[in-house]
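What follows is a set of structures for review.
Across the two complexes that follow, subunit A remains constant while its partner is subunit B and subsequently subunit C.
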Partner chain A sequence: MNFKLLNNTGNNINLLILFFILCCFAVFISPAFLDFDNIQNIIRTVMVLGIIAFGMTMVMILGEIDLSVGSIAAFSCAFGGLFVDSNSSFIVIILTLLAGTFCGFLNGIGVTIIKVPSLIMTLGTMAIIRNVGYIMTKGQAAYPTKLEVYMASAKGYVGIFPIPVIIFIVLSIICAIFIRFSTIGKSFYVVGSNPVASILSGISNNASKIIAFTVCGLCCSIAGLIQSARLGQIDPHMGIGWELTVIAIAVLGGASLYGGKGSIEGTIIATLIIGVINNLLNLLGMSNHSQEVVIAIIIVSMVLIHNFRKKQSS
Partner chain B sequence: MKINFKQILKNHFLLFVFILICLVGTFTSEYFFTIINIQNMIRNMAVPGLLALGVSFVFLVSRIDLSVGSLTIFGPILAVSSLAFFGDMFDFKVLVRGNQYANSAAFIVVISLLTGILIGLINGIGVMYGKITSFIMTLAMMKALWGLNYVLTHGHAYYLQIPTYTWMGTLNLFYIPFSTWIYVLMTILASIIMRYTLVGRRIYSIGGDEKTARLAGINVTFWVIIAFIMSGFCASVAGILFSSRLQTVDAPLAVGFELTAIAFAVVGGVSLTGGRGSPYRAFLGTIVMGALFSLFSMWGLNTWHRNIVVGIIIILVVMLDQRKNNFGRI
Partner chain C sequence: MSIQKDQLIMKGISKTFPGVKALDEVSFEIISGEVHSLIGQNGAGKSTLMGILNGITKPDDGQILFNNKVVKIDDPKDAFNLNLSIVHQEFALCNNLTVAENIYLGDEPHNKSGFVNYKKMHLDAKILLESINVNLSTNKIVGNLNTSQWQIIEICKALAKKPKFIVMDEPTASLDEKQIDNLFEIINTLKNNGIGIIYISHKLKEIIHISDRITVLKDGKINDSFLKNEVNEEGLIKSMIGKNISIKNNNQNIINFQKPILKINNYSYSNTFKKIRMDLYEGEILGLSGLLGSGANELLRCIFGIIKQDNGQLSLNDKVVTINKPRDAIVNGIGYIPSDRKNEGLIQNNSIKDNSVLTIFNKLTKMGFFKFNAAAKTTNNYVKKLDIKASNIDSFVMNLSGGNQQKVVIAKWLVKNCKILLFDEPTRGIDIAAKTQIWKLISEFTNEGGSVIVVSNEIPELIINCNRIITMQKGLISNTFNHEDFNEQKISLNISSK
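Then we have the complex of A and B:
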């Protein structure tokens, strides 16, 4: 365990160096990069995916995968959005979070008790959950602009700090503590790296997996909530194609598809790196769609580098 | 005699499901059993059917290919945009958009097919030489092609109203659409290849047990790459038929086709864990799901309901499959 901790920090230091190099490069290209507004924007834009990446990291530490994240975000917000007319932020927010948690729980049940491989289970729920959202809302958006607390989750400020950034920081601290120091969080690593050993040592693999998927669902609904508050519109079409970027963030942060690896700290730095890359491409004037290509190339090359290193070390 | 009947029922169970769906369709809708609807039904089967056929090769070597959906339209888009770009070098031109011209249909077909083979090759090389999990490699490829589709078309549609090209989508031979002919021919060809040639035997042996196949001296790397190339080729043929039917290619088209393709193959009985399944099984899955989709249209259910059913069916079938033989993971 101690050795693994050390190893993770080594990976994170590499990521930090990459982050600073990218920042220097960005400043060199455009001095506007260091504007307070720009930095705020970077964090605001990428934190939505970053929050989901926390959940995805947990799922990937267990050696599973969740493709339904974008759908869960869209569905849970759409579900909350049905109650916009109640004019109560509290009800809408609670229902959004509950819907997300429930979807995540369903994924967990499917993967553990029904024993469908997570790839297929979440590929299926990706289609099911999104289309249930469409049918529920008839494909129309809801507008939460009257709900003050709801809107404040993306647009409010405490002092000079935007509330979404504070949410991101608080969540990242909670997740990091959960993974590093709680019994359940620690058990994720054991289950992910050796499922047989974990059963023999009395850990319930199924319980760990259900908890990880549920937390992932909750993260998705929080992220979706902030995104819809930011846009002032609860759109059931939200989040198409988020899964790849989220997986890219988690993999960049050191999570392995085979389980047992990854950390929230790595994911936080990876989130910032993806944010800076996106911003850099924006400053260079590249379109949104070419960024998609760049992210795909990044994820493939990260996995390649990872494999190369593993080969070298063994 | 009784055992024989059971065997037939077991092997061709989906054929009976297909007949049942058709009967239900005939009784619940007066338009189901008309020649136009049946033509439409079998024409609409061709594109997802070809994708399912391609995906099933990859499933047979216990990999997964998610890039087929984006690849379907990437072929024609790359062909048209590169021809529009190099158009000045050739003689005759066809209008594809605004003041952009592309060359004859033959070039589009050839370039599309080559693109499919190339993308399959890249997928295969990434999976085998780069040791990237097939699901990540093809997911990344799917997103990259999706982005490239937008970049190449600038978000506008290309019009492909070239007479020699569009007849592929509209022509009927003996009341059966040209697309369906191509699909059935490809399925028969694939069945022959898988059953009687070395390619099939190698692919089945790798799917059965990769380690044993490797120890037996089979070049696993080569044959897995071949499976990916076959998938890419099928996807590009599907793309040609699809775009010739619509007489246009547009970047947002064909989103989610990979899910449909996987559903069709899985319903037919192609196992995700490799080694079990055949082009004929993929064909059975295609006709059952195609008939079901047609029935849904008759009942007035829209794409949303259809996608939910596809999702549920994928999960259910894989669940039953897991129950049947409780081993293996993707």
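Then we have the complex of A and C:
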């Protein structure tokens, strides 16, 4: 096997070291950090955003960005929620996933065929999709508590393993394999690194981008579904501000805002790091607002580090 | 009473780059109020000499004298302090700013409170434009003007620094005849105002028309120096090329000139080229040569579908084919090796392997998965075949030399089994050994039945390797040479005069 494939191993090792330092620090601050309940809480909270970050990583490898992730999560769940009365988990889940996939596809079409820069396109769909969700549900939440399978996605266990954790692990493996070993995943890196050379070599940049945005939309709906089941209600107000944390995870995991870089492995570790940071701030008794400040600082400082490294290498 | 004339002399300048002596004891002078032209083939040393004058390149030996005093030019700022300005070949203008803002970009006049003094700026700009007899409103947005006006603004930018000497590098490359006449009027005005002009161009007719003195560089040495009316175009070409070297055509392929494999008819694209008719035959190497602005490079890009022609049609083996984008061309067996290989040919931070198989990603896919082993096998084959020097196929292409990078780009199309390859300046910026190898690859490709169009200004290289050479000027084909009639002087004349 070819070890050069893991060309950003170095970055991932740095992330792992950072992760352990943070954990040690957390234990030092509060021994309660290591409580089983606390650890479970960390994983369950951050995993939802981690799943979206897989999609975001793909979009960012292509040099694009998706700001509409929170809106897609809320809308797709709300759409599925309209059919709660059918009492069929299957119907609700399928419709939720289809709605998310479709929204992602629309983003992809807008960015490629209509040629709107992704920053603007997804800023637009962020508002459009969320408000269509409000209009559609009249702002009312739906309650899926009677849907057994639906609820199990957040609350169930297989043996001692919580189902949402299993979903996270399975998705991460699928995404990692997709990005590393599929031809489409390979072309993501090519298109993101040099869109001109890829077009001149006959690769369809548009197809790659539409696929990435669509997958990102699907990830959003899965994450939204788990979140809805966890809270026991399908709330169209869900996911406001998620894009900030999701982008922070992807960037921390090694995805470059300039395209061509990023990996699912990095994103997984970054998800855990963000989870620990959030938890740490909670343990320190800091407010949600200060958590957002920290996360925003992470995004900006990662870009600084990127620029610094670029300068050093040249 | 005579006016004190300023004088800038470069004396005994030598410069060696690794493996090549770019300049060998070159002396060059410019006096205020004269136009002194500098000509020579690609690689003769013009750019190096001007780089030294502008402080970008440091000479190994020699000195620069300003009014008989030795001066040092270590960076462009020193050149500026010596009242020397350069009008570059490429426009560097801000399209959404006004004429005046562009002229004083980075050097805006300020009022006492530190704000830009727009009134003074527009007034100064107006005076400047009037001094060269140009009637142009200083309020106009530069993006709405034409290339000729851009050229004037570039000149004004240089003039705004109140220079005594101006270097003009290919100022007429993108101008049409009337615009060139305009430019010459401006140059004459500048001359009368006592400014010395170093004029660099490939267009010999213009050189003869405008120059007071002409200096010919060849292989890093001064080959000849002429005064006005001392020389004609043939004389200049002889001096640039050298008298005794005869270059022989070395292409042994016998072409069947009956059925063209590629035929373009009536191709036009905006003002760049018009009604081009051209055939390409199986096994042929067709050279296409023209200066910047002749339309040769754009024609190639148009055949590959990067730009879309306004009208005209293309047929392959007598079948009309529509090419709207590069993919269409690739599907039809056409490959393109761009002149800007760094940005258009290669993905710099990807491996040799990924770059070599870029065109056959679909073929290397099984059930959606990429066949890494097959890709490595294919790449290894071509690395061996094309003699690409690299530690291994997983190293990044940005670490390769220019020649090896070019080979990777060629490999990309060979793995695709293309029938027609379009080369845009394939040997630009690579060393002589690699050049020979690239040409060997091209001829091997045609020996196996492929056809090639090469756009290049390296006429000796074209003469050695091509079956036919087509010359272009101002968007039109000026002549077609069969290999029996190859003659460097004639070909050069068909590119650079008319």
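Going forward, the second predicted complex is superposed on the first by the 307 of 314 C-alpha atoms of A that agree within 3 Å, B and C clash if a C-alpha of one lies under 4 Å from a C-alpha of the other, contacts with A are read in each partner's own complex, and residues count from 1 in each chain.
By our rule, a residue touches a chain if its C-beta (ideal position, glycine included) is under 8 Å from a C-beta of that chain, and two chains touch if they have at least 3 such contacts.
The structure presented is a predicted model; accordingly, all values stated were derived computationally and were not measured.
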First (subunit B), second (subunit C), both or neither touched by A:263: neither
After lining up the shared chain so the two structures overlap, which partner does A:181 touch, if you call subunit B first and subunit C second: first, second, both or neither? second
Regarding the shared-chain residue A:271, is it in contact with subunit B (first), subunit C (second), both, or neither? neither
Based on the superposed arrangement, let me know which partner A:120 touches: subunit B (first), subunit C (second), both, or neither? first
Have a look at where A:244 lands relative to subunit B and subunit C in the superposition and call it first, second, both or neither. first
Based on the superposed arrangement, let me know which partner A:227 touches: subunit B (first), subunit C (second), both, or neither? neither
If we overlay the two complexes on their shared chain A, which of subunit B and subunit C does A:153 touch? Say first, second, both or neither. neither
Could you figure out whether subunit B or subunit C reaches more residues of subunit A? B
When the two structures are overlaid on chain A, which partner does A:172 contact: first (subunit B), second (subunit C), both, or neither? neither
The intersection of the subunit A residues contacting subunit B with those contacting subunit C is none
Subunit B-touching residues of subunit A, taken from the complex the two chains share: 65, 110, 114-117, 119-121, 123-128, 130-132, 134-135, 139, 241, 243-244, 247, 251, 257, 287, 289-293, 295-297, 299-300, 303-304, 307
Residue set of subunit A touching subunit C in the complex reads 2, 4, 181-187, 189-190, 193-194, 196-204, 260
Of all residues in subunit C, those that touch subunit A in their complex: 304, 306, 325-327, 330-331, 336, 338, 343-351, 354, 358-359, 361-362, 364-365, 368-370, 372, 376, 394, 412
For the complex, which residues does subunit B have touching subunit A? 64, 126, 130-133, 135-137, 139-144, 146-151, 256, 259, 262, 272, 303-305, 307-308, 310-312, 314-315, 318-319, 322, 329-330
